[in-house]
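Across the two complexes that follow, chain A remains constant while its partner is chain B and subsequently chain C.
Our next item is the complex of A and B:
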């Protein structure tokens, strides 16, 4: 794969509600900020990918509202409806396919919709929607499946919530930094057994943008290029009952492709820091297993042994993760941005030492039906 | 049949057509309009229909241009060098949707929605601007509709397959002046699947692939109020100029042998062919009346019957690419234009957006 890099990035602070900004305001801001960060101008950007979702925005052709704000005027432009990691994937292959650089921008305002209705609409309208299943209830099904298969407990998951909310104190963009204990998580209100309030990511407003460029354009940019060494994505079956929710095989396949491209044979040794999509506390250990950082069922042990804590050999979600800020569609792009910041040495209070290779991950569809994995490197 | 079955039918037929199995497909790109069928994340919903289980699949939705955006995405998947055979799918079940109710929400709720709602009002305003500027008549536009509906008789896949006359169009109910019922597309159910392949993979599939020579997109506007109704379709003029330059085309009506244009309404078949450079400004009516765009003419337009005969929105722009590819590959049967080397497909939608897609029997 020819050399391409992330050369610019920007994210908003994530908040429960941004009452004074429309989502096109947010898109404009991060686009402008990503350009400034890169030292490039709009003239250096020859194509744009926006990431949006019609249900979230209440707009058919949701890309229409933000194309101009994303710098798309008189440029080649397209859109991906799905997590930002998938939008960035398309942005990357457009550079591989001939463009000099792609600006990828994602937005969502969770405050302007009803997340239950919106995620209920992910489910089959005839057989499942009337049951009221949505992101929370389906996550509970997956958490139960995972607990039962490997004999895990709510305490195992609670520890991830404690870690990530604690990590968020070092991240000025995070929405909910918290100093909590396992007991705090266990006694938080139960929403859908076994998921409690402190096991859940919040509802957030925000946006993020990155600029992906070919080698020549990367050399022009102001910042140290973050090379994209491996990318892959894969999707499982649709009906939850057709899947083993405790066995993320689509993630394994996506990771395999990304690792092969990047020449990685031993991920837990060769990746220094990882940002994964933990929409719920149980998801972090489950995805770490799918990524091959440990054996199936071994996710919680990674935390117990300190491997994935801040000072460990493979810190996971030093940013606080999705548990600390969750603007849907944006959160995956933020994982990429956080990994890039680590590689640039710009992660400030959350900086991990000696980072040359990082992993970022995003999900699409109910219970992580589809996964996108990125391996990034710095010189 | 439900949406997943509709997709399955198109995908199965496309695989049979190129003698591949779903195992040979490396990635899938799919598009439709979410609010029409009211399915959130239709890519993950439809995997059993598209063959996407344990494959990379992504969803694209850019309004009427969805089909060409999907085709262009499939092209870039292959051009990246990462994937060899990529499936592009467009689909729509308009019979399961409140199409207008869903389209209304594409307009900005404060600035645009009370003036330009649904698909027709902004087009009606454009038509008035063109009539004023060019001196064209409603009958001139009707001639475009008659052409496309006549061409549809040669296409077994077309939705509307009854011929019409200019008089029929003129007597049909007025929807929004000057657009009458027969000036405009129907609401159709349908799906389209197209297989894109790298050079080496393509040669193993067929002796006569349709090589992609250029694709260009301009989706510049966010608000209908910003569109200049007195001017041409700027997005199409710009996208086509860029595409022609990439493909080395200097005189479109001479070098392009057939065009499948996304014309959702008849007046577009006058105004937009000027913006494509087929004829000079304001001269489209005489160009069309001369028969230049009919089968057998200098540059046949929409041998498939076009959008006025069939409009399953998520699929429609992809159908233009598919039909234009069929022409290059010589597989058009009764709708085949003889000796096609270069073909042009366009997509239209959103806020007066345009996509241009050029193919050739000669490798670029």
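Our next item is the complex of A and C:
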């Protein structure tokens, strides 16, 4: 693959409600900040990808309403309705296809609509939606399958909530850093068994942007380029009942592609830090298994033996993860940004030592129907 | 911003409520009319890999083959995954607590999503359940009112 890099990045602080910012404001601010971070000017950006969801924004073709905020005036603007990692994937493909540099920007204000209604609408209107299923209940079905398949417990999942909310104290952009115990998670309100309130990510407002550039443009950017070495993307069945929810098959396939592209044969040894999409506490261990960091069912053990904690050999979600801030669609792009900050050595209080290769991961669709895996490197 | 300290952050209320009338397709029509008129649950079988789908499909995703081999499934099956719902939500089909379950009907290879309303303390994966049909059926998925534990 030709050399392409992330050369600029920005994220807002994530909050339950940003009463003083429209989503247009948020897009404008992260676009401006990503440009400033990159040292490039708008003249260096020859195309824009916006990431948005019509139901979240409450308007059709929501992407077209933020073009000017995204620096897209008189430029080629295209759109991804899905997680930010998928928007970035499209952006990377465009740079490989001949554009010099792509700005990818994602926004959402979960506070303005009703996320339960919106996630109900992602299900099939004939066979599933009339049953009132939405993202929390579907996630609970997946958590139940995963627990039963491997004999895992609610305590196993609670530990991930404790870890990630604790990590969030080191991340000024996170929404809910918490000092909590496993018992706090277990005794938080039961929502959909086995999921309790503290197993869930919050509803958030926020935005994020990255700039992906070809090698020539990357060399004139202000910051150390973060090279994109591997990307993999795979999707499985739409209907929940067609899938083995406890087997992240699409993720295994996406990870395999990304690792092959990056020349990685032993991901546990060759990747130093990972940011994965943990919308619920059970997801991080399940995705770690799909990424090949442990054997099936072995995710909780990685935490118990300290591998993925802050001081471990493979810290996972040192930012606090999606559990600590979950602007839908934006959260995957934030995983990429956090991985890039680690490679630049700019992750401040959450910086992991000696990072030369990092992984970022995003999901789309119910229960991780599709996955996008990124391998990033510094020089 | 300073001015916001002294100025109300104005919001505007709105609601999107759009009527739709979805054509459920030939496959869906056959499934839903059998459910409504005969109280039967139909599935269909891929001619290549023999996977039996419910709800039935136009084509097999894995084989990309059109499916026209229909069969009647049992109204009983086994729970493959479940969750007891305790949070309230306007669109729920029953007051909480109730359960969602993925149910693999006898004769099918995929599981169907539905609800279980009774005996939640006895609900386990592997439990056998039976469909309870609505008395007044109108050709939608809620013509199966719920599943009950056997």
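The rule is short, and it goes like this: the second predicted complex is superposed on the first by the 379 of 379 C-alpha atoms of A that agree within 3 Å, B and C clash if a C-alpha of one lies under 4 Å from a C-alpha of the other, contacts with A are read in each partner's own complex, and residues count from 1 in each chain.
Simple rule for what comes next: a residue touches a chain if its C-beta (ideal position, glycine included) is under 8 Å from a C-beta of that chain, and two chains touch if they have at least 3 such contacts.
Remember, predicted model here, so these are calculated numbers, not experimental data.
Contact with chain B, but none with chain C, is seen for A:1 once the two complexes are overlaid on the shared chain. Of the two partner chains placed by superposition, chain B and chain C are both touched by A:58.
When the two complexes are overlaid on their common chain A, residue A:164 makes contact with neither chain B nor chain C. In the overlay built on the shared chain, the residue A:125 is in contact with chain B and with chain C. By the touch criterion defined above, A:191 lies against chain C but remains apart from chain B after alignment on the C-alpha atoms of chain A.
In the superposed model, more residues of chain A are touched by B than by the other of chain B and chain C.
In the superposition on chain A, contact of A:237 is made with both chain B and chain C.
Of the two partner chains, chain B is the only one that A:74 touches; chain C does not reach it. Contact with neither chain B nor chain C is seen for A:217 once the two complexes are overlaid on the shared chain.
Using the contact criterion defined above for the overlaid structures, shared-chain residue A:134 touches chain C, although it does not reach chain B.
Shared contact residues of chain A with chain B and chain C: 55, 58, 125, 237.
Interface residues of chain B facing chain A in the complex, by the touch rule stated above, are 33-36, 38-41, 43-48, 52-63, 69, 72-73, 75-82, 102-106, 108, 216-222, 238, 349-351. Those residues of chain A lying in contact with chain B across their complex are 1-2, 24, 53-55, 58-69, 72-82, 86, 89-90, 92-94, 96-98, 118-119, 121-122, 124-125, 231-238, 249-250, 253-254, 364-366, 369-370.
The touching residues of chain A, when paired with chain C in their complex, are 19-20, 55, 58, 116-117, 120, 125-128, 130-134, 136-137, 140-145, 148, 189-195, 237, 239-242, 245. Per the touch definition, chain C reaches chain A in the complex via residues 1, 4, 9, 11, 14, 16, 20, 22, 24, 28, 32, 53, 55, 61, 80-87, 89-93, 100, 102-104, 110-115, 125, 140-142.
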